[in-house]
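Some structures to go through are shown next.
Next, two complexes with subunit A in common: one pairs it with subunit B, the other with subunit C.
Our next item is the complex of A and B:
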């Protein structure tokens, strides 16, 4: 699983590098387009996803100590916070498209939609992974700590990739 | 033991959220009478703070602090390489502008 984590972070770092290179070249245009984003919404997104990471970390601890009902509750809480993030993201996309900021409108929004969409796909896969985690925790014969930890590691990867996207797309000047 | 670990996880989440909220202050500090302006200092701070958050997530939530030493070193090296790569690409792009 750690090979996957490092591989994914390498791929995303390459995307981020290309974005930052273009941003450095066209700072004024990127800054003007970026002003259409709501930083407060980005902060809320990030806190929701960090909360989901916190919940799945609790789930791992609970499963390790044999408290499977608590572990299952925390896994469902993880999906709940992830759902909040997903809804906020869709609301933001709809708002941007209505404001005329689309994939083809400006270079900044090409990067914005590409990075947030590719992250969103990882998030959707994450929901499937959390589903596997809940199923694992629900059946006595299926419980396996290694699988629980692997599912959590995937979710944390989705979280830290967003932490980077948030800083680079919403905050960088 | 279990309760102590859960408290630690909560503290970690609070710290990560506080760093996230601090971005609002960084953002306002870069404004020029309400108008956004480019700032290399803000860009570098944003990248470094994000990487600090990534390291905290790896160490605490992903339990790297309890992992074999080799994984600790590898993840730290990875974060450092990401820092060099991201800051380097931004500065090269600026220089080529």
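Our next item is the complex of A and C:
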């Protein structure tokens, strides 16, 4: 899984590099378009994902100490916070589209929709991963600490990538 | 003349398929990057005059290069056969191998045949209406760059099989590399919306990053297929590890051994 984390970080670094290059080329237009983003929603997104990372870390700790019921509850809580993030993200997209900011409307929003959508796909895969985690924790014969930690590492990657997207797309002026 | 030992090896068919795979990917790179110069792709923003000029400047390369692909493109089936074999060698259900085989059985069409047909047709009659030439140009590049769905699903099928496998046919990290490759196939989809910028069919995101990842992925899977063939014992359980390499004899050791 660490290979995935490193390789995806490399690919996202390349995406961010392309974004920053284009931003540098059309700084005024990017700043003007960026002001249409709802920073408050972005902060809520970030809190939801950070909370989900906290929950999955608790799940790993509980599994390490053999408290599998608590670990499973925390894994479900992780998926719950992830679900909150997903709903907030869809609400934000709908809001932007209604405001006329679509994938093809201007260059900043090409990158905004691209980066948030590719991250959303990682999140959807994350729900499958959390499903694997819950299944692992549910059956005595299936419990495997290595798989538990692998699933948690994936989820932390989703969170880590979001924090970078939030900083670059929402916050940096 | 002595008969090469590998011809008598029970693995000769596997080595032939592997050699054909290496040959195919080299041919693919030479034809698309050097002979036809269809990769990196032409500008999607060209108007009618630009496309006519593009076909004129690529005319000979397109006809010669695509002829090689039409003649030898069938070699792509060897990598499909080897990968399907690798999945059959795993401890997972045969359904993965069949799914992969069926998905990739159609992959040659968006993978290279469509662009070959469209570009060859464009190069064949350069005096054709510029509008029709532009249509062939768009069809060629969009079919090549914008149809990554089969590769996306194929990578996910192979990834799942590797991660579930208990026969250690491939290392787990390669399963995750399949996921990375699948995720970069997704980012090509915006090529249908744009004719310039990072997301166009020749853009930094849709083409350059994608091809960089695909190049690494292809090099890695060809190397791992070679390792699989070397480890293959034709059994059904876990693949044995390769024996450790013998340490190279230093000149001093060689002299000492000879003296003794």
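Note that in this section the second predicted complex is superposed on the first by the 173 of 173 C-alpha atoms of A that agree within 3 Å, B and C clash if a C-alpha of one lies under 4 Å from a C-alpha of the other, contacts with A are read in each partner's own complex, and residues count from 1 in each chain.
Basically, a residue touches a chain if its C-beta (ideal position, glycine included) is under 8 Å from a C-beta of that chain, and two chains touch if they have at least 3 such contacts.
The model shown is predicted, which means the values in this text are computed figures rather than measured ones.
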Partners on subunit A (subunit B, subunit C) - clash or fit: fit
Partner chain(s) touched by A:40 [first = subunit B, second = subunit C, both, neither]: first
Which of subunit B and subunit C A:107 touches, first, second, both or neither: second
First, second, both or neither for A:22, with subunit B first and subunit C second: both
First (subunit B), second (subunit C), both or neither touched by A:53: first
Subunit A: partner with more touched residues, subunit B or subunit C: B
Partner chain(s) touched by A:76 [first = subunit B, second = subunit C, both, neither]: neither
Which superposed partner A:168 touches (first subunit B, second subunit C, both, neither): first
First, second, both or neither for A:159, with subunit B first and subunit C second: first
Shortest CA-CA distance in Å separating subunit B from subunit C in the superposed model: 14
Subunit A residues contacted in one complex by subunit B, in the other by subunit C: 18, 21-22
Residues of subunit C that touch subunit A when the two form their complex: 173, 176-177, 179-180, 183-184, 186-187, 190, 193-194, 197-199, 204-205, 209, 212-213
Subunit B contact footprint on subunit A (complex, rising order): 2, 5-6, 9, 13, 16-18, 20-28, 31, 34-35, 39-40, 43, 46-47, 50-51, 53-54, 56-58, 60-62, 65, 67, 149, 152-153, 156, 159-160, 163-164, 166-168, 170-173
Complex contacts: residues of subunit B adjacent to subunit A: 1-2, 5-6, 9-10, 12-13, 16-17, 20-21, 23-24, 26-27, 30, 36-39, 42-43, 46-47, 49-51, 53-54, 57-58, 60-63, 71, 74, 78, 81-82, 85-86, 88-97
Residues of subunit A that touch subunit C when the two form their complex: 1, 3-4, 7-8, 11, 14-15, 18, 21-22, 103-104, 107, 110-111, 114, 118, 121-122, 125
